[in-house]
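Listed below are the structures to be examined.
Two complexes follow with chain A in common, the first pairing it with chain B and the second with chain C.
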Partner chain A sequence: MVNATLAPETTERAAHDDPAVGIRGRDRHRRRQVAVAYLFLAPTLLFFAVFLVLPLGFALLLSMSRWSGFALGDIDPVGLDNFTGLFADGSTFLAPILTNTLLFALGTVALALAGSVLVATCIDKLRFQGLWRTLYFLPIVTTVVAVGNVWKYMYEPGGLVNGVLNALGLGSVAFLADPDTALPSVVVVQAWASVGSAILVLTAGLKSVPESYYEAAALDGAGPVTVFFRITLPLLRPSLLFVCVTQFLTGLQSFALISVMTKGGPGDATNVAALEMYRQAFSYGDWGTASAAAFVLFMVVLVVTLAQLWFFRRKGEDA
Partner chain B sequence: MTPARRTAGLSRRHFALALPSALLASGCAAPHQGIGRPGDPIVLTLLSHYASGELKEALQGPVNEWNATHDLVKVRTKAVEFTDLLTTLMVRQAAGQGADIVHPYCLWNGQLVRAGVLRPAPPEHAEEITRGYGKAAVGSASVGGKVYGYPTEVQTYALYYNKRLLREAGVDGPPRTWRELEETAYRTTRRDQYGNTLVQGFGLSTYDDSTTVGQTLALLNAAGGTFVSTDGRTTAIDSPAGRAVFDLEHHLVAKGASAPGVNVYQAFPSGQVAMVVSAGWWTTSLKTLMGKAYRDVGVAPVPVPEAHGKRATLSTGFMLGVNAACRHPREAWEFLRWLNTDRVGVKGATATRMSALQVSVGSLTGRADDMRTLLGRGGDPNLRPFLDALAYAVPEPNVPGAQQAKSLLRKNIEALWTGQQSVDEALRTTRRQVDQEVSHSW
Partner chain C sequence: MIRRRFPWFSYLLVATGAVLTVVPFLDMVMTSFKGPGEAGTLPYRFLPEAFDLANYRAAIHQLDLPVLFRNSVIATAVITGSVLLTSSLAGYALAKLRFPGRDFIFRLVLSTMMFPPFLFFIPHFLILVHWPLAGGNDLFGRGGAGLTVSIVALAMPFLVNGFGIFLMRQFMVAIPDEVLEAARIDGAGEFAVWWRIVVPQTKPVLVTLGLLTFVDAWNEYIWALLVSTADPDVMTLPVGIQLLQDYVDPTRTMPIVMAGLVLSILPVLILFLLLQKHYIRGVMLSGLK
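Showing the complex of A and B:
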């Protein structure tokens, strides 16, 4: 009976005797290792192929076709017509839809970033930090529909926000019904809802700032403002980069909150690209336009993300 | 190799052979495929939005009756919420899993016909539908002059008003003309010192496409106008009637008698809206929401621009049609005929099963005779104006691209209400955008 554990030793001894056999054996062994590696990777690769490559390819095909969404046999190639249609004279895609999308994302990032830096810095100096982090994280675990509806009621003419304004002797504001205030009102809610995750990342970032820097600054007589702008903020840059990029990506692609609060209205005042894509595909049966819009949004997301990475890298931060 | 190992190997091989066979067999016997083994009944699937509560039970009753009395053809219902209905229809159809019988909102009929989803009704059924239903119901269930299904619930629009609020403002009854409508709206409107609306004279609401557009189209039809041209290829809203409607709404908002940002479905039951144009389905909800206060609710026909003007309003509806991919269309049409045409005894009278079903949930069908029979026996008097409107209502346009045209109209109405556009701009933009999109859909 041959002990299986002795087998490699036999091969090695043979390889020692004949170099060519040794090389062939090593090649065979490497090939087997590669095959096994791919075998282990196969489920993941299959997952990506089915859920990423295939839909992406299908979306690319649809972006250059006309399709009503009902029968695969009805896909009708139209070249770049869907893309030119998006930017044609009279189309609302570039303005206000894409403009709204960028303003929504930019406003959300600016508010959420400023708010989270402020709150995270405060939390870092408080007791029961876990409790505070949990409290600020609560909106993340609440459904968008609930958040949107509660804020919608708060913004209504007889709602809490207008109640406070009235108590201060100010007139009511039609927050969601006025095209000038509708988008900023939704931006505030999105920023409020996303500030929790940013606080988590930033408080972790604050923990990684060495205490000795603050001690040295204190010895030099630096005030809290100087410490914040010269020590805390520069050393938070990796966390800020992460928060900035992820919040911007979320902002550019989000539509659920807008769908709940304003349905894109009044008019097109709060309509964003993702909401328009959903409507084009599932309500109007124009999958070609929806897919073309998706690729345009993809390009916008790519450009914005690369610009952010370039900006932070220029400041010496490695992505 | 030991005997035990040989047994295990055989077992695995058998399993490997049995698994695909079992999957294949179960796939072949899937309900949407119809017949499985010879002698098995045909199983038809019916996809509707009667997904919950009394609607689901109301449809399941006749379906159970059919299944109990028919051995060869059985019907299985599948239901989704209305908001998911078009998406479900689309996804299932693309996946080759479309239901045999579909229950679409008639607005989508042009889109569904163009995509080859709906099968035209066979001549004998088309004749029965044309003969048995009102003009608006038949119009909703038809595309390009061809009938595609049996109309089910039909909603007509009328004016809901709060008798108490009108009385308090010194107004005797509901307005009949637009001048009376404006006067009543201004007299009943109340605001507090901060500009908060306490009572809207006339409720205009940005709640959703159907609310915003439904109100406007009902007034447009009452003014003798239509949203799209007769051939369905262009919009007809940029007309004197369209201008009159936009002017009326603009005045009401500008003078504070309407506050479009307020949810009218909450404000009216709370006594914060004096008048609002809406569809008949709302009566049931109002009864539940308002309790005793429902006695203050009255319903009148949509006012017309001039006294003695010809009445008209909007009607919307659903229909039951047969999928073009259905493998047993004859059986499917037969079931629909049984459900929508055969008469049964209901409370001492006779009516179709569908009419009985719809009235049981506070809705109407396009069969005016059935409705008179069923509603004439102690029904809610507020339903009568909706029933009368079946005779003169104009069906909601259902051309290809109708859903998008409706959304574009809503956006421009909202832009008008919020002062982003003047009446002229709103009419011009609606015409340009809708014409562009509707022509694209053809």
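Showing the complex of A and C:
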């Protein structure tokens, strides 16, 4: 990095000192570099104009309009009606949909964090760490359609989970069909699918804990539990925070798994904000409400992101 | 001291977790071999009565698997190729060329990573529907279905990736300027410098980025579902399999669905197992997944 930041200066000086490169030659070189740079960036800039700036403006416009989705001339501005509609009495957006979204994200983080902390600290003591990590990583490279359908099938009365429960002498559970168990059931799947990447981040964090800390603790006669709570966990805090925040953000936004497994049902038991946005637009053709829902969720995501930045910065100052 | 003893507790815990991770995959494979009346019936049995390939033949036939496969391959190849090319070009410009507006564009690229994907589903779809002079549209994007009835629609919103540009730029900054300057003095143009020096030097990062992009594109579901609703001919593997699952009697077709799923995840699984070091490095670099 030091090399890289120093390098531009040295080349500039070289160009100044070099009598062979005259002022005009340098100017021409400069101008050509500007042209080449914009040529290289042209596809990117064009793409961001069409697929980033334009969509954001369009979505903002739609969120404040009523529109049936056909002719662009029919977009009817209604101010903040779509937003107030989302939070009006009788609207399902705040509860259960937004509540479900938060519960889904929180539940996933809690489960994935607990699982990954346990597994990561244990993997760190084993041989063949790469092999174990690979196994835990399999769900991450698997399409959500496969993950969702396999688990949906496993949750069925004749599926594997109930098969195990029955073998243990317990009664069957209607995991996805019962409104009370549906949300926890999909949370388990999301956590199952994301625990691998959390393990990856945490094992990297564990590698940075100096061996001497463990040796010192061992000399003082600390048991494994004490070591875990007094040394491992506190030193792992930055990685833990990172996992927490990124998984929470992912949890707030994700709806593909739910769309595959329950389509938000039964009723609205597993409906989340992003899925509701999708359905308002593409099932009911209410583009205005859908866009408003998208921006509300974006605000939630933004607040969480900013809180995260603030938290990390404060922690950084402490250190 | 803790480490010298045999860590039986750790082995037990890690192995249990690994079993929990792998069992759904095994159940998927086992179910894919089950015959009629064997799947979803009580009592549950893990193993099929016979390892018969009938479901795989049915999946290929009923799902039109070759077409789904072709669409997935085209979309994934186009996305991966485009992301690698645009990320490398833009990354080079941002890392090694000097021009007005560079800091602004770099900040723009960083800011693109802040916007969650769900924000764009609706406007992207509408933009493609109203794409001028495509799919029966006039110059103002009216009258037809636009680009949504074309296979390019699958790839379009993913052709450029802010994270990819950022990643390439970070690695290119570390290439010493002297090397590039020497090539320029030898008469190489910027394009030659990029292609002959920068691209070969950043090959490992390109592999990582390519792999991450490939896996994401292959597994992409929501956008592909939207586009396929407009035009069933551009259906990809995940969408096709999901639709079969949705519309046909689940207890009877589940084994066929599972067979299709096994076939659809195989390419990514093999690629991941072969190149997992690069993939895992990519996940670490991107920080989340």
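Remarks
Here is the rule we go by: the second predicted complex is superposed on the first by the 254 of 319 C-alpha atoms of A that agree within 3 Å, B and C clash if a C-alpha of one lies under 4 Å from a C-alpha of the other, contacts with A are read in each partner's own complex, and residues count from 1 in each chain.
Rule of thumb we're sticking to: contacts are C-beta pairs under 8 Å (C-beta built on N, C-alpha and C of every residue); 3 or more make two chains touch, one makes a residue touch a chain.
The model shown is predicted, which means the values in this text are computed figures rather than measured ones.
Between chain B and chain C, more residues of chain A are touched by C. Once the two complexes are laid over each other on the shared chain, residue contacts for A:V145 go to chain C alone; chain B is not touched. Of the two partner chains, chain C is the only one that A:L297 touches; chain B does not reach it. Legend: residue contacts after superposition of the two complexes on their common chain; A:D178 is shown touching chain B, with no touch to chain C.
Touch criterion met: A:G265 reaches chain B, while chain C stays clear of it. Applying the stated contact rule after C-alpha superposition, one finds that A:L41 touches chain C and leaves chain B untouched.
Using the contact criterion defined above for the overlaid structures, shared-chain residue A:F282 touches chain B and also reaches chain C.
Residues 69, 71-72, 156-158, 162, 166, 282 of chain A lie in contact with chain B in one complex and with chain C in the other.
Within the complex, the chain A residues that touch chain B are 68-72, 74, 90, 92, 156-158, 162, 165-166, 170-172, 174, 176-179, 263-269, 279, 282-286. Interface residues of chain A, counted against chain C in their complex, comprise 1, 3-4, 7-8, 10-11, 14, 30, 32-34, 36-38, 40-41, 43-45, 47-48, 50-52, 54-56, 58-59, 62, 69, 71-72, 115, 118-119, 121-123, 125-126, 132-147, 149-151, 153-154, 156-160, 162-163, 166, 192, 194-197, 200-201, 204, 214-215, 218, 224, 227, 242, 246-247, 249-250, 253, 255-256, 259-260, 274, 277-278, 281-282, 287, 290-291, 294-295, 297-298, 301, 305. Chain C contributes residues 1-3, 7, 9-11, 13-14, 17-18, 20-25, 27-28, 31, 39-46, 85-86, 89-90, 92-94, 97-100, 102, 105, 108-109, 112, 114-127, 130, 141-142, 156-157, 159-160, 165, 173-178, 181, 189-191, 194, 215, 218-219, 221-222, 226, 229, 237-239, 241-242, 245, 250-251, 254, 257-258, 261, 264-265, 268-269, 272-273, 276, 279-280, 283-284, 287-289 to its touches with chain A in the complex.
Residue ranges on chain B touching chain A, taken from their complex, read 86-87, 90, 93-94, 111-112, 114-117, 194-197, 206, 208, 259-263, 401, 403-404, 407, 410-412, 414-415, 417-418, 420-421, 432-433, 436-437, 440.
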